[in-house]
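Presented below is the structure to which this report refers.
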Amino acid sequence: MSLLTVEKVTSGYGDMEVLHDVSIEVKPQEIVTIIGPNGAGKSTLMKTIFGLLKPILGQIQFADHEITSLSPDRIVRLGMAYVPQVENVFPSLTVRENLEMGAFIRNDDFSDRISEMFELFPVLGRRGRQQVGKMSGGERQMVAMARALMLNPQLILLDEPSAALAPNLAEVIFERITAVNETGVAILIVEQNAKQSLSLSDRGYVLAGGRNRFAETGENLLANEEIGQLYLGG
Amino acid sequence: MEHFVGTINYIIFFAVTAGTYGILALGLNIQWGNTGLFNIGIAGFYALGAYTSALICGLPPSAWEGRTFGGFQLPFIFGLLGAAIVCGVVALLIGAPTLRLRADYLAIATIGIAETIRLVLNNESWLTNGVWGFQQIPSPLYKTIHGATSTYLHAHPNLPIWLHDLITKSYDWFYLALVLVVLFILYLIMERLVRSPWGRVIRAIREDEDATAMLGKNTFSYKMQALVLGAMIMGIGGSMYAHYARFISPVSFKPLYGTFIIWVMLILGGSGNNKGAILGSFTVWGIWAGTDFLTKYLPFSATQSASLRVILIAVLLEVILLWRPQGLLPPKKHLFTLK
Amino acid sequence: MTTLAHIPQLLVYGVISGSIISLGGIGVSLTYSILGFSNFAHGDFMALGAYIALGLFTLFTGLGIPSAPFGPLSFGFGFILAFILAIGLTALAVIIIDRLLFRQLRRSGPIILMMSSIGVALGLRNILQFFWSPQPHYYSQAIQPAVSVTALNIRIKPDQVFIILVAIVLVVLVHAFMRYTKMGKAMRAMADNATLAQVTGINTDRVIIWTWAIGAGLAATAGILAGIENKFITPELGWQMLLSIFAGVVLGGIGNPYGAILGGMVIGISEEVSTAFISTGYKPAVAFVIMIIMLLVKPTGLLGRKD
């Protein structure tokens, strides 16, 4: 049984095809990492899954629903969330307001969920009233993840969560990602330099030139010499 | 036969006006159609061109005028060039603070300059004669052609009436030819420019300014050149209008006639296509003039009819934007590379 | 030195006209930041509001709804009722215009939307002209005596105090809405990043409707207040103020509603004080010159963020 199935998807911007025939799968409560060099189409894949780009060919299913070319706000309602690589927070809003926006479609009281997020990300709990635009890169990444988790999604897409972060901060983020996963949320990560990400993943895919190259368990990918040389910096 | 003469008069008036609008639309096409510059102060440049030309070529102030300046009685060509130069300079001043910013700023600034020019025309009587405007602006070669016509008609007293009437109108025929020649020359220049390397750069700016800048092009400078060139052409349009109408005042350059209708002309004809600009001018002016006849049959007052016609033009614009944004003649797909 | 003695009085006029310009500017600023385009029809939304109020007021007077003036003000219950209903009806009309036009054109980009707004501007203005003629119409022809405040060397009419108070109350309400309500926060979120708002699950279409409703409601208010202050309205009322409004918005920092309030006030005061030194006819040009200077010095405006 799988949570997300991407089947032979071809997608891109306008006339320009970036992805060709890409297939991936995420099972419930898994962590899956997609690695690949810059320009391999990783972000394009994320955007296509989340309805920001319309696939030219292929199909996408999520939690027993056909979501190919559904709009992002519909996909959110089905229990998927997305954290873009950049500009993934509302900078002029406070931390708490960012989380409230994450729960926009809920009309009931969601203060419990905010408390849970503050427990999961204690750094944020102390700074609920701070404007996010004035926070550091690592803190913003946590705000973005917390925002995406507000609706108790079954799956969350993370686009290069450690990009542009110092190594020690990246470690903190990955540690939090594991913690999030332990609450039962499946996670699909794309990463460029992905040793860290792969080491905590159940499975991994390699995307290069817009195509699937390898699909393996995270450990096997890390152990594979060819992949190590090509995509993980030796 | 009177009906016939009336029709001829109307056709000449129609074609001269449409031709003048064609000149203005060519100016807008270089700014908007090719470079993507949003100028909604065309009326300002149009008025500036007309007034400059009137000051250069017109008569010195008479005793009853509030004006105390200008009227240098120079030949028409100086008025035409002066109009172009003054408009170019004003465009330079407007472009300097705005062309590095988002398109909205240029748009707001062009409304501002048009409004400021209108206020100056109304308030600076020493220069513009205020709300009364300029009278008796000389038309080029008027005396020569009029004199020759009179002589000819005297020498041939037995012409059929219709021919006599056509010949009486000789000056208007001449002016129509003049407008069309100016329009055609400008069209040829624009076509050459658009196809030149310079034209490729400005179109690239319209498509993607950041990418063009990354290729090492000084986009600010190119945008400025296009803005100034377009404004100069608009100034020429103003000059052509002044010497035909022979009377100008601030009300001749309201934003409706001066700006809005020219935008609709270009968008209908096809932004980015010079033939489209001219086609749009004649088409929209045709619709405008045609509705003038039609609304006479409706039970509304003259002002109501005028409003109705503007509403129609506004609806026409929205319809084009919704259903045929590329206009009647879309710009040709240019395959180009930037070096 | 007589001109200098007039300055306190001119400041009062400046605050009144600044209040009206600011109310107009908030809407322009919201549309710019949330929908991403400069709406050149905003002035005509003001005129639309002013004429809807006139129409309703005439109707109410005909129906015998009491309209005896409140205390020292020049208008009474019937007019206030017309005022409030006109705000709602203008908002409704603008939302309909959005559904018919702007919504369809959103994919075409900001410049096409700007162009379309110019068409809407001329269309609306001429619809008003068609029904009410270009001639001025009056809310009230009564002459209202001004009250002298000797200590400050100024004179002010009760209606003018009303205008300033309405503006203050509305600015506070807008602030509270943006700060404390879910929809207000969503509007700020969408102004920050419209794509992220969509990805987050914010119903962006509803945010857009609220943006128009608030912008158009404030525009109608500004139009009606301008009618109260000038004593008459014409279909060109809003168009004539548009340059001042945009100058205020740019001065304060385009896309920032607080900047629009500050900028509108500065423009209003500058325009009025300038009349001590130059011809009254140049008021809009004063606004324009201030705007150009701001663009040269700091294009992001007084309160603007860097892009």
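In order of appearance the chains are A, B and C, and numbering begins at 1 in each one.
Just so we're on the same page, contacts are C-beta pairs under 8 Å (C-beta built on N, C-alpha and C of every residue); 3 or more make two chains touch, one makes a residue touch a chain.
Only a predicted model underlies this, so the values are computations on that prediction, with no experimental measurement involved.
Touch-path distance (fewest steps) from subunit B to subunit C is 1.
Nearest to the overall CA centre, using the mean of each chain's CA atoms, is chain C. At the far end from subunit A, in terms of centres built from Cα atoms, lies B.
Distance between chain centres (mean CA atoms), subunit B to subunit C: 33 Å.
Rounded to whole angstrom, the centroid-to-centroid distance between subunit A and subunit C, based on C-alpha atoms, equals 43 Å.
Inter-chain spacing, taken between the CA centroids of subunit A and subunit B, is 56 Å.
Every residue of subunit C that touches subunit B in the complex is listed here, in rising order: 32, 37-38, 40, 101, 104-105, 108, 110-112, 114-116, 118-120, 122-123, 126-127, 129-130, 133-134, 242-243, 246-247, 250, 254, 279, 281-282, 284-285, 287-288, 291-292, 295-296, 299. Subunit B meets subunit C in the complex at residues 36, 38, 40, 96-98, 100-101, 103-105, 107-109, 111-113, 115-116, 119-120, 122-123, 256, 260, 263, 267, 300, 303-304, 307-308, 310-311, 313-315, 317-318, 321-322, 325. The residues of subunit A lying in touch with subunit C in their complex are 50, 52, 71-73, 76-77, 82, 84, 87-93, 97-98, 100-102, 104-105, 147-148, 151. The part of subunit C that touches subunit A in the complex is made up of residues 182, 185-186, 188-189, 191-193, 195-204.
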